[in-house]
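Shared between the two complexes below is subunit A, which pairs with subunit B and subunit C, respectively.
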Partner chain A sequence: MKKGIFFIVLAFLSAGVFAQGEVITSYFNKYADNDAFTKVSVSSKMFSMFTEMEAGTEAEQEFLEAVSKLKGLKMVMADSIADAKALYKKATADVNKAGYAELMTVADPDQSMLFSIKENNGIIEELVMVVGGGNKFVLLSLYGEIDLKNISRIARDMKVQGLEDLGRMHHDKK
Partner chain B sequence: MLILLFLMGLLQPLWAQQEIISQYTDSVKTRTYCLYPSTLRMLDLSENHEFYDVVNNIEKLVIYSLDSTAGADKSYLQMIKAYQETGFEEYMAMYGGSNLFLLYGLEESTTGTFIGVYQQDNQPQAFYLKGAIGWNKIPELFEKFQEGDLLNIFQLNNNKRGQNPHHQ
Partner chain C sequence: MDSRTKLLLEKYWRAETSTAEERLLKEQLGTVQEASAEANYFKAIDRRKQQVSEISFQHPGKRIYYWYVTIAASLVIGLLVGTGLWQRQQSSSEYTVHDPEIALELTRNALLMVSSGLNEGKDLSTYQLNQINKPKEIITNKNNSNIY
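For the complex of A and B:
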């Protein structure tokens, strides 16, 4: 009986692990060969490079602290598709269905945004951002140990197209 | 004799690391740029510290301009696969549309070896880098690049780019 409970708990734990990043992974695979979509993947190896560095200035220290707890980033984006709004609706539905907690939405006639998170014991383990409208669509997943205060700092310093919208979240929450 | 064998054992993997990209680019490159610390510093026309900090610990950087066939058939993916089989791991990948930037690396004690492919003016470029990069200075360096403070070596004689001398 104890063994049975153990396996059931293990199965639930495994499901939780596999669920991490499941939405972004499915979009990554779906649009892998579609040149209308740019796919970006930054691995934990890249982020680990930042943890080994010594900061020279206060600004560098802030940046290194901000990225040192991140484990990865994945992004699927397009800026010239006809059905961006429809894709946004589908992606937000997929995110909600996958059990992410909604953090903030921005409903705008031109461009809507959704920020959702996956938390574990009060620690944000994954932040998902969906942007859609006009011809633009972005689905981004940032995972690791995420401090929302540092998101705008990362967004500003990494200068990756699409990531700048993460900075809006911290700004809008003030 | 033992020392010689030991040194040969050490040198062989180091030589083999660049061999994969060299072999691949033999048939698809149009131009090769080989840069060492002294030549890297010469690229910094405005002598800004961010650039110096990024390149200061780079021992060697080789950039191969690839011909248009490499971009069309994505044959560079085979080269990357060969590196992955020797232990190189993905650091960053960006692809789709006109975007292309792939970075793979193998870390050693204090330095590392990095290989990758990126696109410059619709022309694929492959690179091999040995040494340590000042990653934390890169955001500031990007700003300087955007302001045009640094010499862009790829703009030199680019009227002959895309022509593979081996195919002429």
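For the complex of A and C:
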């Protein structure tokens, strides 16, 4: 009996481990063969390499600081799909179902955004962003130790509209 | 009761007898005819020992320990966890960027996207707050103009 309880607890624990990046991983699998979707994964090893870099400017410093505590980045995106809005709805539903806490939503006729987080002891362990509208769709998951203040400062420092880089990012991949 | 038994008894009450000595004591006092307190005590113990339960228990039958089921179950669990982990690894590693420069650029863009998204939300909410304050402003202005 005790053994049984132990295994059940173990199963739940392992489910917790799997839950990290659960939604994004399922989207990776879902669109594995669909070339309309660009899939990107940056490993924790790569992030540890970033931390060894020298920062030139203050903005760069801010960026490296935000990055230093990250452990992974995964993205699924598309910029030429027909039903971005429907996909956005589906993705937000999936994110909510997976037990993420909603941080912020921006509902706009052109483009909607959802930010959700997974927290543990007051530390944000995963940040999921879903963007959808027009024919653009982005599902992004950041994990590690996430400092929202730090991240939100990045754009202010660089004074660039991040979403404009979406197209560039698409070409950079290959 | 002979002196040896008495000695043994004394030892018994001091709890110093060995198991063999106790057995001997029980045998001697159990068969003795005299109705001393000690003899009765040991006879009572003897009777208690021979007591048989009035309720009879039936053996549930041959108990088979399915050890192979345990092994099979652990194999299945191990296999499931293993494939799960492998698949996870596989699905991610397929898209992992190996060039540090590209990875950095991607991360920068991704963070910028998140960052500006977060800021846009913030700006929007302050904008909306200002909108909420507008009617109040209009009303207060009107009141002011009414006064003057």
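In this text, the second predicted complex is superposed on the first by the 133 of 174 C-alpha atoms of A that agree within 3 Å, B and C clash if a C-alpha of one lies under 4 Å from a C-alpha of the other, contacts with A are read in each partner's own complex, and residues count from 1 in each chain.
The working rule: a contact is a pair of C-beta atoms (placed from the backbone, for glycine too) under 8 Å apart; a residue touches a chain by one contact, two chains touch by 3 or more.
Note that this is a predicted model, so its numbers are computed, not measured.
Visitor: Please work out whether A:46 is in contact with subunit B alone, subunit C alone, both, or neither, and reply first, second, both or neither.
Guide: both
Visitor: Should A:37 be classified as contacting the first partner (subunit B), the second (subunit C), both, or neither?
Guide: first
Visitor: Is subunit A touched at more residues by subunit B or by subunit C?
Guide: C
Visitor: On the A-aligned overlay, A:113 touches which partner chain: subunit B = first, subunit C = second, or both, or neither?
Guide: second
Visitor: Return first, second, both or neither, reflecting whether A:63 touches subunit B, subunit C, both chains, or no partner chain.
Guide: After superposition on chain A, A:63 lies in contact with both partners, subunit B and subunit C.
Visitor: Once the complexes are superposed, what residues of subunit A are shared between the subunit B interface and the subunit C interface?
Guide: Shared contact residues on subunit A (touching subunit B in one complex, subunit C in the other): 39-43, 46, 49-50, 53, 63, 158.
Visitor: Using the touch rule from the top, collect the residues of subunit B that touch subunit A in their complex.
Guide: Subunit B reaches subunit A through residues 89-97, 99, 103, 105, 107, 134-136, 139, 142.
Visitor: Enumerate the contact residues on subunit A facing subunit B in the complex.
Guide: 31, 34-43, 45-46, 49-50, 53, 55-56, 60, 63-64, 157-159
Visitor: State the interface residues of subunit C toward subunit A in the complex, per the touch definition above.
Guide: Contact set of subunit C toward subunit A: 77, 81, 84, 87-88, 91-97, 100, 102-122, 124.
Visitor: Taking the complex as given, what residues does subunit A use to touch subunit C?
Guide: Interface residues on the subunit A side: 7, 14, 18, 25, 28-29, 32, 39-43, 46-47, 49-50, 53, 63, 66-67, 70, 73-75, 104-106, 113, 115, 127, 129, 131, 138, 140, 142, 148, 151-156, 158, 160-163, 165-166, 168-169, 172-173.
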